[in-house]
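Structures follow.
Look at the two complexes coming up: chain A is in both, with chain B in one and chain C in the other.
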Partner chain A sequence: MAEETTKLICCKCNKELEMIKTDFSYLGHTFFTELPRCPGCGNVYISEELVKSRISEVEMQLEDK
Partner chain B sequence: MVENCMQNERAFCTSECPFHLDIRDLITKIQQGRFNIAYKTYQNTVGFPGIVSALCHEPCIPVCPMKDAGGAISLKMLEKAAIQFARSREPDQYNMPPKAARIAIIGAGISGLACALRLSTKKYDVTVFEKSSRIGGHLLDLPDNEIFLADIELQFKHEKFSLILDSEITDLNLIGFDAIYIATGKDGNDFGLAQNMTGSWATAQPGIFIGGSILRAGTMTAIADGLQVSTAIEVYLKIGKMGNGDEQPEGTRLKPETIRKTTSTAIHAADGVSYTKEEAIAEAKRCLKCCCDNCVHFSPLMNYFSKFPRRITEEVEISIHPSSLDGHATLATRLLSTCNHCGLCKEVCPADIDVGEFILQSHRAMHEAGKMPWAFHEFYLRDMEFSNSEAALAMLPEGFSKARYMFFPGCQLGASYPDYVTKSYEFLKSINSDTAIMLQCCGAPADWAGDETIHSEVIEGIRHKWLDMGKPTAIFACPMCSQMFQKYLPEIERKFLYGFLEESAMNAASQFVQQTASVFDPCASRHEPDLQQTIRNLVLSAGFNLEPLPMEKNMAECCTFGGQVAIAHPPFAEFNVEKRIRQNNYPYITYCANCRDIFVKAGKPVWHILDILYGLNRENKALPDVSQRRENRLLAKKTLLHQYWNKEFTMNLPEKLLIISPELREKLNKDMILESDLYQVTEYCEQSGNKLLEQDSGLFTGHLQIGNMTYWVAYRILDDGRRELVRGYCHRMKIEEK
Partner chain C sequence: MKINDMTVQKLPENTWSLCPVCLRKIRAERVHLGQKIILRKNCPEHGMYETTIWSGFQDMSEWIGTKEKPFEGVPPCPESCGLCGDHLRSTCCIIYNVTNRCNLNCSFCLAGDTIEHETSLEEICKSFFSFIEKGKTLLQLSGGEPTLRDDLPQIVQAAREAGARYVQLNSNGIRLGEDPAFVRSLAEAGLSFVFMQFDGTNDDIYNSIRGKKLLKIKQQAIENCAVCNIGVTLVPTLVRGINIGDIGNILRFAIAQSPKVRGVHFQPATYTGRIPSTPTASDRFTLDELIHEIQHQTEGTICADHLLPSACDHPLCGFHGDFIVNNNQIVSLLNRKNTNTASCCNDDASGKNREFVGRRWERPDPNKYESSCCSNNLSDMESFLKAARINGFTITAMAFQDAGNIDLARLRQCSLHVYDNGRTVPFCAYYLTAWKN
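Our next item is the complex of A and B:
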């Protein structure tokens, strides 16, 4: 999944987000990818662009699997 | 379910053909100009193409549905064209080892020769005994018999068999063969044997078969018998069984009324003798290739996927009982989630096959196994939950301890416009003061989702409330709610609002005089002819001219709301909405809020019948979005409670605190995202502090899983403390954050 360009700060930990492995699950399938996350609390960021492109493609593939 | 499916039933012509020639297949090849392969098909089926094409008495002509639509297809001419334009008429040569079994054929007439041809092609040791000094039997008595003899010679070109002429067999026991075919012709010697009616031209004596002109008249049947006896002999030689070899049931179950005819003029050969290639192709293209395909033609689902019931049941079965190694493959999920549950497939099936019911049951099985993607149904299950909690209302009229009637408008009518509900209740109360109200969902979303637990809770809830009201007759505005009650609450008597409106002779505004419109019957009205007529009466008395739609009444099609398939399969929904609204250019009048809203959204001028009767002009009003559809339901409840029970109801709409631009609102509506959900996400972000700052824009962003869906927001806090929503989106994948 593509890296985000906007600089993101976790409001809780006041730390800049870093690319960290993130687990996903859908319809009994699990997988992971690197996404911007807070190195402190783990709060994740997923952009709308990513949701509308790759994420929705994968969702559809899993629904048809 | 599909054992009675007629998909593979013989065409009428094939059924009458003594050879059961697969005419759909032959015609397809000629249509494509593939004369050589068409000839092979013909040759392989009839044995002697030259003889059969010359002498066939064309039993296909009287049964061809085209006979009264421009003229029956001239198969004989097409068969001749296949012969004429074939690249090679030579029979195929098979290099197979000889077989030891010895077969005697008594009679070298065309039936015996047909049997000999097949068996010698398969390299059996065949001996033909003929009492006369020539082969061909009765064919030799016909004019032009040299053509027939030439065809016999051609077809036997690569095959060898022993021919013993001038040899009259008088006792079958003397010749000592493994199998015998008695084909002695008309008035020939039957050796005291007759056809044993177990089939396949078997006699009562093992290994001895009888057929051809000795049994029945006709050159074609004689050849066909000989060809089929060859198969029966093979079966006997292999497994020792007499009869029931290869014969197929006679006739066809195909129904002439299911064949959709298009009139076309029969093609005549310009030279008066035989077709040119172009003429043959043109005539072949007139053929309807009769088959039972009503379901694939009419059912939106089967039409879209081009799949017959048999294929659908197979795919659904392997989805319910996955055969993949990991046990997770559910190949037909999208397909079975695309069913509108409109019932048209069963309506058009001459065998009454109910694919819709099968798919509904498969939804239950998929749900039970946890294989149904939750995303396909969650929006409407939550919508139903909202209708049955915050927006629900079940009230007896003031001053009554029981009611004679109960108005059940359905959740989507009030969602469209609250005044549909309030004005209808006002009308019903004015004619019967003991009319109760029940605002809630009928349970259709749970039924379609295959969630039997939730569905039965909804049904039981309705039943309890209905009992508490003193078992009133339910009055529906929505045919779908009525259908759900009929199926799951059959003890409740049902009536429609529109019948009361007709009886009260409510006169609609005269502005519609001389306007032409078409009634779009909702699919759930399919078996409600009285309701359909009531609507037409109301429309006519409002002054309209009525133009019937091609698909109406019992052939009504779903607007695509059924099954809520637009979430599971957006392209299917878009395709079919376009198809529905393009039936003609007149405005539609319907009596289902979903049909109305879906078509209006697609740009079609549509009235709900209540718009006409109550004089409601919606022309310049935008359709309510997904959030407003909830708000409208609350508004209907609030209005009714205030007006009839003098009770105040506070609508809980915290999302109103969010500032949302019209553009974003439109986008959220398209993505079916509720403002209330996004408000909840901002609230979570603010309360928990789990939010991120986009440094460039100064926006806060965060997410929250509500139900199974994960919602995202980007917002800014304005100086007055209010939140301005800048983005809102959602995804189905779950982030495993723990």
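Our next item is the complex of A and C:
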């Protein structure tokens, strides 16, 4: 996928990603958040910023010490 | 205790202990006796001694797993404590006793009856710079009752200036309840959180263990700390026949006080220092029985699978559970079935433990999170993160050792250390006292 300044385009389907409520699971817990998803193939785009911030914090909160 | 040999099965693990009378180092065995597991040892001078170390509510071998390192030869503990080359854990929390004065005269007291002594503020500040590691150390100010020192805020400030990451106060809460200005000065000096003695939810319990009614003043202490955004963790000493039946009430009280109260840290009574008498076999309250009582008295809201063996100290020394309080309901983040505990003892177990407890016991800056958005739906990632930061809640336990049940395999895995004149001594070695024959 290629990122543009204002929109994200799926590099496989060439379709614009749409913000859609997306579930993800970790260590028996399931969460949802809005993520850009391709309406064609269903792939989601998770930015490096999101991975390094909130998703990383979710993992830290759920993992045993 | 009389033993029926037909019921006795040896566990694979042998260990080392001490004679409860002369503290001579002797071999010990953990053996099944019916459902229970006992520690059995035989001093050539003072004879056989046995004490219950596990009640059989869970499989002890499974609980310990692979987290115990077998001995190679005779261990150097405890005569080589401070920490020696054979010790398996670095320091997670370091205790500094700022006074041995106290305003209570409890039936159980680790510090025992000692001659009154107080190190000067100047000497304390000097020693802080000798052992505090910048941005890392979790310092517990203890005693005696530390709040009897009017210069405690200066001590807290000195610890911060020396670089302590967290400064914790161990207190009975009396002055914290009586003197809100003192609490404010502790907060301004940089106090991180309080461990407050809290044995139960009625005054009969305090009368029995502490010799006076204390419930009201402890509730006021929680309020005074809350005003200053200081997190309070409640610390019950559990004594059979006195407050075992109040475990569920203590938890419900604490949960209702979240986020002011950050958790409950249970401590089964240990028979060292000042004690009412040496324990009989039935006096012992083991970790697995505590877990059973937590599950039973909370009607399964908190269940055994939510509470995991210590990954930093020896599994027989403690357990921990990590929760969020949401709308006065408690939600567990951990589950033994989903948690890979095999890797926990590897790199920097003490450091991981320190960050875990610090993250939960310290209240976050209210200006940073309280005004942010979100619902009570913990499936929403943003709501979950906010709740985890603000309403995190721990249920932990630590089973200290005494002359009767000391197990050197546990001792050498201890990460709770006491600073004393340049030495850093594992907690249970520091406070160990011999029993009369």
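Everything that follows uses one rule, which is that the second predicted complex is superposed on the first by the 57 of 65 C-alpha atoms of A that agree within 3 Å, B and C clash if a C-alpha of one lies under 4 Å from a C-alpha of the other, contacts with A are read in each partner's own complex, and residues count from 1 in each chain.
By our rule, contacts are C-beta pairs under 8 Å (C-beta built on N, C-alpha and C of every residue); 3 or more make two chains touch, one makes a residue touch a chain.
Bear in mind the structure is a predicted one, so any value in this text is a computation, not a measurement.
Q: Could you tell me if A:Gly28 is touching chain B, chain C, both of them or neither one (first, second, both, neither)?
A: A:Gly28 sits against chain B and chain C alike.
Q: Name the contact category of A:Gln61: first (chain B only), second (chain C only), both, or neither.
A: A:Gln61 contacts chain C only, not chain B.
Q: After lining up the shared chain so the two structures overlap, which partner does A:Thr6 touch, if you call chain B first and chain C second: first, second, both or neither?
A: first
Q: Quick one: name whichever of chain B and chain C touches more residues of chain A.
A: Higher number of touched chain A residues: B.
Q: For chain A, give the residues common to its interface with chain B and its interface with chain C.
A: 27-30, 58, 64-65
Q: Residues of chain B touching chain A in their complex?
A: Per the stated touch rule, the residues are 328-331, 333-334, 370-371, 373, 375-376, 689-697, 700-703, 712, 714, 727, 729-737.
Q: Where on chain A does chain C make contact in their complex?
A: Touching chain C: residues 27-33, 54, 57-58, 61-62, 64-65 of chain A.
Q: Report the residues of chain A in contact with chain B in the complex, numbered from low to high.
A: Residues of chain A touching chain B: 6-12, 17, 22-30, 38, 41-46, 48, 51-52, 55-56, 58-59, 63-65.
Q: Please output the residues of chain C touching chain A within their complex, sorted ascending.
A: Against chain A, the touching part of chain C is residues 308, 311-312, 320, 322, 333-335, 337-341, 344, 352-353, 355-356, 379-382, 384-385, 388.
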